[in-house]
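In what comes next, chain A is part of two complexes: it sits with chain B in the first one and with chain C in the second one.
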Partner chain A sequence: MTVPVVREATPERKAEIFGKVVADVRFQDYVHGCYECGICVAACPSARFYDFSPRKITQAVCREDLDLFWEHVNVDVWNCSQCFSCDRCPRGNSPGGLITIMREVAVTAGLRSAKEALEGGERVVYKIMSTGTQVSPDMLQPEAFPDWGPDVQDVSRNLDLWRRALPPETLHTTTTAWEIDDKTLVELYLIWHMTGVLDMIKAVDEGLHMILNDVMEELLEDHDIVVS
Partner chain B sequence: MSSPDPNRGGPSAPSTLTAGTIPLEVVHARSFTRNPDLAPIEDIREEVLKLEAEGEWIVQRVPDDHTEVTTKYGRTKKIPNRHTWHHKSCGQCGHIPGYSTAIFWLNRELGTEYNDPRDQTSCTAWNYYASATSNAPAQAAVAMRNFAAAYETGFYPVIHCGTSYGHYKEVREELVRHPDLRAQVRDILARMNKPLVMPEEMIHYSEWIHVMRHEIRKRTVLDLSNITCVVHPACHYYKLVAEDAIYDQEIYGGQRTAIMSQLLETLGAKVADYSTWFDCCGFGFRHVLVQRDFTRSFATLRKIERMKEEANPDVTITHDTGCVTTLDKSQFAAKAHGRNVGIPVMSEAQFAALAMGAHPYRVCQLHWHSTDYRPLLEKMGIDWEKAWAEFESDLDRLRSGKTEFLTWDDANAK
Partner chain C sequence: MPSDTVLIIGGGPAGLTAARAVGELGGRALVVETRERLGGMPDEANYAALTPDFRPASEAVAEMVAAVEALPGVSVRTSTRVTAREGEAGDFRLTLASGEATEVVEAGAVIIATGFQHFDPGRETQMYGYYEYEDVLTLQDLEAQLKEHRVVVPSTGKAPETLCFIQCVGSRDRRIGNTWCSKVCCGIASKEAIEVKRLAPQCKVFIFYIDMRMYGFWEDQLYWKAQEEHHVQFIRGIVTEVIRRGEKLVVKGEDTTMGRPVEAPMDMVVLSVGMEPSRGTVEMSKVLGVPLESHGFIAAPGNPLDTVTTEVPGIFVAGAAAGPKDLEDTVGMAGLAAARAVALLRTAASTAQPVG
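Presenting the complex of A and B:
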C-alpha cells in the first residue's frame, strides 16, 4: 500500500472538489455546523492511533477552509474507520458520513491520493463487483493473513472439504461466500452500469475497469441485456 | 448482570476500577426513562408508510406473528418471530461459517420457517466503507434489489450483518428524504421488473434471537452459571442510525443497548463489564484489508486487553461479522508479542446454539476460529475431543466419496 500524500493544487481545483462534496445529496443530512466540542474525537478510534480528527474535518468543511479541506480529502479521510461512533455529535452531524462523501468524491475525481489509498484493495473491489459477495473462503490464504496465525493455513488446506461439511446448501462454495443465481448477478451488473460505478473504477484503476467490464459484458450478453 | 468477579482477577470495588469505568451499580441507579414523544428525531417509519400511501413504494409488513420491543427513544419495534428471509453476510458465510450455520440451526430447532436465498447479493457496504468505489444510488439500488427479492418470496427480511443492517437504514433515510434518488432507484429496479419495496422495520438477526431468548432458555441443556461473558455491541448496530436498536430498562438501566446482554442473562451466564465497551473493535473496513496494524493494535490494546484485565471473561460475545473476525483473529500476533490476550470470541448465535446442545464443529464450526476456545468448551461441559473425532469421521465420509455434502441431519446426528 502506498501512503496517500497531499499534492499542490490550484485554488480552482480545490474549490471544484469542495463543490462536489457540498453538492452531494447527503451533505445537508450530515453537516449542520460544528460546536467544536470534540465529542466526536473522544469517541473516535482512529483519533487514538493517527494524527486524525473528525472535528477538524467537519470544521474545515463548515468554515470552507479550502486549504485544510484539501489536506483532509487527500490524506486524513483514508484513516477513518467508518465506525460512526462520531454520530453522537450533539449538533446532529455525521462526521463519518461526511468522510464517506469526501472519499467518494476523491475517487470519482480520480485524485492521485485516492489511487494510492486504494492500492492493495483491488482484489476486494473485483470480488464484490464481479461476484456479489465481498469476501470468499478462498481469500483465506496464509500469505494474505500472515498475522492471523497457523489456523489460516488449516482453513486454506482443507477449504473444499470443510465447505462441503457445512449443512446449509448455499454455503458449499469456495470462490463466493454463498451460491448466487446468475440472474441475481446480472441485476447487480446492471446496477453498477446504471449508477456510474464502473466509471468511478475507471477514474482510479483502468486495468481493473477493463477486467470488470469484460467479465460483466459476457454475462450480460448471455442474458441478452444491453447497457448503454 | 454481574460486576467483575474479584476472584477472577478483575477489580473488586469501584475505587480500583480503571479510570473511565462506571460501575454497573451506578449505571443501574441512573435508570433512564424514555418518552417517545420527546424523541429528538422523527420516526422515519411513519414517513415510510406515508410514502406508501402516496403510491411511492410498497411497504412489506412484519408478519402477524411478531414480538414488540422498545428501542432507543422509547418507541416500539416489531420483530418477526418466524417466516423470515435471511440476508446473509459475506464475511460470516465466507470466513466464519459457523456464525450463519448457527443462526439457521436455531431457526430449525425453534421451528420458525425461514428462507435461505440464492437471489441475494451482499449489501456491498464493506467495500463501500473501505474504498468508496460506489455511490448513493448504487448502494440504494443494491439494498432495494435485495428487499424486492425478499418480498417476492413472501418471507420477511432479517439481516445477518450489522453493517448491512446499519447501511440499509442509511439507505432508508436517504430514500425517504430525496425524491430524485427514489425515482432513480425505482427506474433501475423497473429494468429488472422488480417493484420498489421498503420493509416496515429493519431487523437484525440478533433482534430475533433477543425475542426468542425465553424459547432458547427452555431448550438450554448446559449449566452456564459459571461462565463469565463480556459483550461487544457492534457500532453499526447501535451507533449508525441509532434509533432502531433495542434498549430495555432492566438492562444497564436502559442506558446501553440490551442486545446480547439480556439473552446471556436469560441463559444463566454472567455478564461482566469493562471500561471500553463503547469502543469499536478496530475492524475499520479498509484497515482490516490494507492497514491491519491499526486493526490489530486497536482490537487488542483497547478491547481484548481491557476485557482481560478488568473482567477476565471466559468468552467475548458479539453480534457482527467484522467484530467476531477482528477480535478473534487479532489475538494471534499480540500473543506472539507476549501481550495479555487469549479470550475466545464468538457470536451470540453460536453461544446460544452451544447452550442448546449444538455440535461445536458440525454446527458452530469453531475450527474456523483462531483464539483457543477449547478451555471454554470444557468449562461449559462440552467434550470437544469427542466432538472433533465425530466431525473427523464426517470428513472421512466426504473424503471417501461416500457422500458429497453433509446435511442438517448429519449436523444433529447422535
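Presenting the complex of A and C:
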C-alpha cells in the first residue's frame, strides 16, 4: 500500500491554503471550539480501520497548527467516508463538514495529493457524470484501491466468469446500464456546470474534464442549451 | 448578659457581606480587619475584573464597603487583630489588638471570614522559575497589570507575542500536600486570557491544563468565549518546567490529546496559583480554638448541608476560610452565617430575659 507523501511546502503556502478553508462561508457553522472529547472519533467508522481522527483534524484547525493542518489536508481528509456520523459534537462542530471544505480547497487549489487521491475515481466519475447512473464492478481499477484487499484483484480479473454464475442479467457493467431519460440528464449536466463541479474536475483531471465536457455539450446542443 | 453583637473577623467579600446581612437583619456587627482598609483579597492583590462578569473589582469592592458603612448597626476596626477568646456562645469576650493597644470586646457570636492566600510558587518547587525569571508571573501579578489596562513583558516593557497560563500550580498535587482543586483558577485564567487578547490581540495565548473545571455558566461565559471568540488555545497537558533560551522562556510539556511533546517559546508565563488557608485563617483557628479540616481550612462538619457551622458553638465560618470558594459561594455562605449568628443571638436574648 502506498502512503501519499506530504510534500514540503512553504509556510506561506500552508497559510494560504489554511486561509481558504477558514474563509469558506460554511466554516463558521462547522467549527466552533473543540473539547477534545473524542465523541466524533468514537462514532467514526473510518477511525476503526484507519489511523484517522476527525478530532485531530478539527483540533489542528482550531489550534491554527499549520504543519499539522498541512498533513491533514494532504493525507487524512481522504480517509473520511463523509458519512457524517461525527455530527454529534456537543459543541456543535461538524468535523465531516470541515473535511468537506478541506477536500474542496485541496482540489480547487490544485494540491498534487488531491489529484493522487482522486485518481482511482476517474472512471467512476466518468460513468456517473456522463450516464447519470451507477458505478459498475467492471470499471474498478484494483490497483487504485489496495485497501479493498487481494480478492478484488481476482474478482476483477475474472468478472465475466463470476457474472455468468449469476442467474439474472444485472445490466451492471460499463457498457450496459439503466437508461436515464434525456430530461434528467440535461438537468444533471446543468447542475454540474452551474455548481462548479466541472471546474473542480478540471483542476484535478483535465483529460477527464475534456471528455465529459464533449459528451455533455453534445446533448445540451441537441436541446439548444448553451453553457459558457 | 448575652451580647447583642456579631464579631466578624475579616473585611473581604465574605466579612463585608456577612456584616451587611447582620446589619440589614437589624443586628449589630463589628468587623475586625488586620489591614488598614477593607476590601480583602480583591483589593490587596489588585484584582482587575471580577469573574465571570468582568466588572471592575475596585468598583464592586467599593460598593460592598459603602453598603456596610451605611448601616448604623455595623462598626469597623481596621489594623486590628483578634488575639484571644474567652467565654461561650452568646457571651464571648475577645481581645482585640491594634498596635500596642489592646481591648476586650463582647460578642454573642463570631464569624470567621479570614479567606485564603495565593499559593507561593516558590514553596516546595522551583520548576517554574517564579523567583528566577522576571517574566514568570502569577494570576494576581497579571491582575495588577490588567488593572492598569496593560499587558507587558516585565523584562522588555513590550506587549507579549506569546503568553501561556499553567494551571493547577499549588493545587491537586500530592507531592506538595495540596490535594484539592482551587475551583476558580480555570475560570480566572480564561477570564485573564480574554483580557490579554483584548489588550494585545496579536498575542498568541495558551492555557496548559489537566482538566478545565468550568462549572455552571462559566462554561460558555468564559471557556467557550475564550476559545471561540478570542482563539485562546487550551492544551491538555501540564508543563514540567520553564527554562530560559535566549530572549525567550521555553515551556516543556506534553500535548496529551495530540500525543506529542511540546516545547514552546513564550514571552510570558502566568502561573495559575491555587488557594491555601490564609495566615489569618490558621491563626484564628488557634486563637479561637476552632478545629481545621484535613486540608487545613476551618472545619464545617455539617457540610455539605451546613456550610457555616464550625465545631465551636457560636462560631461560624464564611468564604474561603472554609476552603476554596468563588465569589458566589462566598457571599452565599456569608448570608447564611449572618442568619445563623443573628438567630443564635436572638434565641440567647429571649431565653436570658427574666420570666414574669
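What we mean here is this: the second predicted complex is superposed on the first by the 180 of 228 C-alpha atoms of A that agree within 3 Å, B and C clash if a C-alpha of one lies under 4 Å from a C-alpha of the other, contacts with A are read in each partner's own complex, and residues count from 1 in each chain.
Convention: a residue touches a chain if its C-beta (ideal position, glycine included) is under 8 Å from a C-beta of that chain, and two chains touch if they have at least 3 such contacts.
Quick caveat, the model's predicted, so the values are computed rather than measured.
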| item | value |
| --- | --- |
| Chain B versus chain C as contact partner of A:V125, first or second or both or neither | first |
| Which superposed partner A:M200 touches (first chain B, second chain C, both, neither) | first |
| Touching partner for A:G33 - first (chain B), second (chain C), both, neither | second |
| Which superposed partner A:H223 touches (first chain B, second chain C, both, neither) | neither |
| Touched chain A residues, chain B compared with chain C | B |
| Partner chain(s) touched by A:E104 [first = chain B, second = chain C, both, neither] | first |
| Which of chain B and chain C A:R157 touches, first, second, both or neither | neither |
| Contacts of A:K183 with chain B and chain C, given as first, second, both or neither | first |
| Chain B - residues contacting chain A, complex | 88-95, 97, 100-101, 104-105, 116-122, 124, 126-138, 141-142, 145, 149, 166, 170, 173-174, 177-178, 180-181, 184, 188, 191-192, 194, 235-236, 239-242, 278-280, 282-287, 289-292, 294, 296-298, 302, 329, 332-333, 362-363, 365, 367-370, 391, 394-395, 398-399, 404-408, 410-411 |
| Chain C-facing residues of chain A, complex | 32-33, 36, 55-56, 59, 62-64, 68, 91 |
| Parts of chain A lying in touch with chain B, wherever the complex brings them together | 1, 24-26, 29, 43, 45-46, 48-50, 78, 81-85, 87-88, 97, 100, 103-104, 106-108, 114, 117-121, 124-125, 128-129, 132-137, 139-140, 145, 147-149, 151-152, 154-155, 161-172, 176-181, 183-185, 187-188, 190-192, 194-197, 200-201, 204 |
| Sites on chain C touched by chain A in the complex | 224, 227-228, 231, 233, 236, 257-258 |
